[in-house]
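After this come two complexes, each holding chain A, first together with chain B and then together with chain C.
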Partner chain A sequence: MEFAIKTENLGRIYKIRGGKKEDPKELVALSGVDLQVGRGELFGLLGPNGAGKTTLIKILTTLLAPTSGRAWVAGFDVTERVNEVRQRINMVSGGESSGYGLLTVRENLWMFAQFYGLSSAEANRRIKALLKVVGLDDRINTKSSDLSTGLRQKMNIVRGFLTDPDVLFLDEPTLSLDVGASRDVRRFVREWVDQDPTRTLLLTTHYMVEAEELCDRVAIINKGRVLACDTPANLKHRLQKDVIYRMEVSPLNSLGTAPFEALPGVRKVVHRPQDGFSVLELILEKDDALSSVVATLTSADKHILNLQKREPTLEDVFVDLVGYSMEEVEQAEAPEASQ
Partner chain B sequence: MTMATSEPLRTAEPKLLRSFRLAAWLGWQIESNWADPFLFAVYSIIKPLSSAAILVVMYSIITQADFQAPIFAYIYLGNAFYIYVGQVMTGISWAVIDDREHYKTLKYVYLAPIDYPAYLLGRGVARFLIGSFSVGITILFGVLFLNLRIDLAEVNWPLFLFSLLVGVFMLAMMGLLLAGVLLLLAHHMWGLGEAVAGALYLFTGAIFPLEVLPSFLRPVGYILPVTYWLELVRRSLVGQVAQAFPTLAGYTNLQLVGILLALTAVMSVLAVVVFRWCEGRARERGLIDVVTNY
Partner chain C sequence: MKRGTSLQTPEWPVSLLKPQKPGQRVRKASGWRLFLKTVLARAYPRIIGQQREKSWMFFDVFLPLLSVAAYVYIYRAIKAPAEYVGFVVIGGAMTAFWLNVLWSMSSQLYWEKEQGNLALYIIAPNSMMAILLGMALGGLVATTLRALVITVIGSWLFQVPYAISSFIQLFLVFTLALVALYGMGMMSASFFLLLSREAWHWANLAQEPIYLLSGFYFPIKSFSFWIAAGASIIPLTLGLDAMRQLIFPSGAALGFLSVEVEIGALLLMSVLFLLGARALLAYMEKLAIQEGRLTESRR
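Then we have the complex of A and B:
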């Protein structure tokens, strides 16, 4: 087996039934996805809400059939060899509080461990060890309905690791966790993969930092398409020739970013309105272009409050690839984005 | 974190058994939520007794309280055992909605290496036990207060136990079929099991002979295995009054057993085929973990 995960031209179209008389609309959630994740990799899928990340995870975990293409997990086709795949994987979605509220934390976890054929003794041993790692060991006999949402999510994360899968899927694992808990989860995820070279982990995130700091390789995904796939360092290398500035200016209001993007040497401009000022992220081909940006601002009677040159981040890579920041993409989709 | 052994200690228990056993355990934890004994009492004692009471009141008005007539035992027992129909079908099919909408665990259960139909059947065990309790209470009530006569020495126990077993299996298969349908319905259809049980109530000869129905409706009763099952259970308990209910009086016990087995086999095949089809459709349409938006 070469790859822990492999997809070939994978696609998924949802049929959305509107009113009774309307024809069903088609929504392309994934299109032509070719991915190869090696054994032992910590692989990240980075993209805004609605990009298709969850859809891809659902297909890889046998919950959803693709409408085109094929996919293999742990060497087995996810539509034809469902049983083989299921024995070797596990999955956790963040941002939801699942679990049988009237069972204790231990009982919830014990039952799922048993689903995978673990013996009771082994299950209990692992439950204790893992609960300790996430700092939930003092709650082992608490009914899970009495846990806060964050603690329930931790329990759910433990459920994923409990069966020691060959390939583990984490869908936005740190969504709705506080800063400290997110950090703990990230550290644990990294350690888990590093401990055993046969373990593979695929996580999705729309946090740039998470992808950048945690993952061996990252695929940037937008509107169901994989736009780039490489190590974070190599992805940022694409912008090596560019210079990036972060500028705080008086509120842009109706001016928008168009006048700046029309300037020669300016590749992309992202505008983030703040309380009382505007932030401009500028991706420039060379330093010279900055002067024309400044000139444009001045002629529009805008003041520069702060200016900073900085290293490229994955955020810039995303902007470079898509043309918009992730927030802008999410805002544009906001009325219909559901998950 | 340290995982001492690289080779997980797996048990040799077959997947089918494992799925059934764990689901039965889970179902029992959920159903026997003694935290609210009052609700449990309402549910398993008062509700079946009050529905029996309604029937008894109607019966006594129509017959001027003739509780000696053999047909009374037939009606009373038919109604009592019909409790199983709702309980077993609901117990199994309801698990789909409960896991998906309430506990949000359906996707995790579904992608685990278990046999999902066996899991669903297991989830029905608790309701079966509670249903048995209700059936027992209802019959006891009839014997103590309504002159319902069951002569324990006259009961055909082997026939009774065999029929009960086959019947419960048949109802479980009907529950599996409904569970498949529920996988496809992303709406709040929690009452489906009870609704189907209610709809079939009048067609199965539970409380009146099929002859009472207009002739074009009678075939519905004749193709339902529940009809033959109820007849067998009643005959095995109060055999000598079988003639009071003309519908199936012409059949011997053995013939009825044969029909019940054949129809149960047909129902099982149908249930498995329909369930597998629905499951496939649910995966195609992305419905496995869809939660109804309220």
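Then we have the complex of A and C:
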């Protein structure tokens, strides 16, 4: 199989400088990452904020050198054959504010197309077609400073596809897009890859639905390590022997998940406090384990408001691999990140 | 916006992007053609975009003219030689270039980083030197327009007499002074990026003293030789001095060095600053890739 992206034992450690007298601290952003993405594949990197997705993309797009291991994009080493890699890639990040506010949408896109060597005629033809795809054609002559955040993100997405790359990196592309626009972008992304089997797209996201709906294969990444890599169907199949319930109960408050996790037959429990009630996501080894969960709730004077048995999702796979939901991981990382 | 429906419409244009055969890509220029395209494309926002903000006429023309007027009236009050009025008008016009280099050239890479453009410039297949040259060319063209307006209005308001002794030398001095000045700006762009936010203080610190040391409003011959020689590290110092010698009847008498020597010095500075810009840019890019912090915006 021909690989569009390949990494071998890839790692990146950041040195974080403290005060003048302190020694720099080391932060492991990536560790021992081995990935192979085939040509024509739409590959997803799924993980919470701070998992190492952006670091990996930065290495693959030649923006950052790895501290260990090697990586190849379009067959070229990202540290040794930088120019060859750059001729074949492009990248779009969610929430970026690139370009110049004084220029119109068309002018901004034309400028970036020139940096890749497109002729003006070809650039303008592609700009028109792509703006139509994302529903921004009526804003072609609007100054980009007059665009809303969502419309600006659509312009950024067009910038990525404009240069007709072999490998396109989309880092959280639907961030700040509304539901309808996100769906449009997802459909276009899928169609773009399907149109030409030599096009490859690597997408990072922390939206499970996005990864599930779009990607041929998904790598689940947390704390700089790839925990699993397979098709969404195969990943979910890991949980096929388990049973999954979604339960709405009266607020758990201080009860937490510990009493449930201690029960026999209960593999994982995720608690999501809502307004006026709590949601429990339960991964059980067998249906029988449910009765002990119900008994524990009853003894704690909690009422069951709704109970639903459902098929496993990638979210469940993530919980199974990491032990926490992606939300919980992000909440736990947040205070560290703000320090 | 056709929210949620744009993909189902009959004129769905995604087919326009389909290659005729798999693997076929859009033709792209490379080598010097890509370099040239990049220079022109990066110059575009400054040549075209900056003129859209009409406030430039107030901030970049009217305010400098006020400073010029203040010095003209001082010189007239103390009955200074008539040429000094011309010195001030030319100096006032050239301040536009200094401000442009300081605020729009030196600090530009830092702003590009904050905007998220720097990472996109680095991953594109073009040369970063082409990006910097584009910024410089755009800034130079846009500022020449401003400097020209200041010169024309100032000359008309204060009836400045000109007597150009050599058009060729004048063109050479003006061109070399600007090449050296923007070369210096390109070099300091990488330096300011490494300094990050502290660059603001450096730019503030440099602005006013250079007005004094470069003799924007008086001949630098007024200084001692060594102070004038030290100030000559800023290309505008020698550029202004040579231009004044070439366009005013008594300019040569008030000149610091001979025009030929000043042309030689400007030529040397042009080469040194451009080479320095290239070396610093390569160092900045290397550091950015190794440490991963220079392309990280603070947003």
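Everything that follows uses one rule, which is that the second predicted complex is superposed on the first by the 334 of 339 C-alpha atoms of A that agree within 3 Å, B and C clash if a C-alpha of one lies under 4 Å from a C-alpha of the other, contacts with A are read in each partner's own complex, and residues count from 1 in each chain.
Going forward, a contact is a pair of C-beta atoms (placed from the backbone, for glycine too) under 8 Å apart; a residue touches a chain by one contact, two chains touch by 3 or more.
Bear in mind that the values here come from a model prediction, so they are computed numbers and not experimental data.
When both complexes are superposed on chain A, chain B and chain C clash.
In the superposition on chain A, contact is made by A:Leu130 with both chain B and chain C. Look at A:Pro197: by the touch rule set out above, it reaches chain C but stays clear of chain B. When the two structures are aligned on the shared chain, A:Gly50 is found in touch with neither chain B nor chain C. By the touch criterion stated above, A:Ala65 is placed in contact with chain B and with chain C alike.
Once the two structures are overlaid, the count of chain A residues touched is higher for C than for its counterpart among chain B and chain C.
In the superposition on chain A, A:Met111 makes contact with both chain B and chain C. When the two complexes are overlaid on their common chain A, residue A:Met91 makes contact with chain B and with chain C alike. With both structures placed on the common chain, the touch criterion links A:Ala121 to chain B but leaves chain C unconnected. Shared contact residues on chain A (touching chain B in one structure, chain C in the other): 14-15, 55, 58, 61-65, 83, 86-87, 89-91, 93, 96-100, 102-103, 107, 111-112, 114-119, 122, 125-126, 129-130, 133, 161, 163-164, 188, 191-192, 195-196. Residues of chain A that touch chain C in their complex: 12, 14-15, 55, 58, 61-65, 83, 86-87, 89-91, 93, 96-100, 102-103, 107, 110-112, 114-119, 122, 125-126, 128-130, 132-136, 138, 143, 151, 161, 163-164, 166, 178-181, 183-184, 187-188, 191-192, 195-198. Chain C contributes residues 1-4, 6-7, 11-14, 16-19, 22-23, 25-30, 33-34, 37-38, 40-42, 44-45, 48-50, 52-53, 115-117, 119-126, 131, 288-292, 295, 299 to its touches with chain A in the complex. If you check the complex, the residues on chain A that touch chain B are 14-15, 55, 58, 61-65, 83, 86-87, 89-91, 93, 96-103, 107, 111-112, 114-119, 121-122, 125-126, 129-130, 133, 159, 161, 163-164, 188, 191-192, 195-196.
Here chain B touches chain A in the complex through residues 1-6, 8-11, 13, 15, 18-19, 22, 25-26, 29-30, 33, 103-105, 107-114, 280, 283-286, 288-289, going by the rule given at the top.
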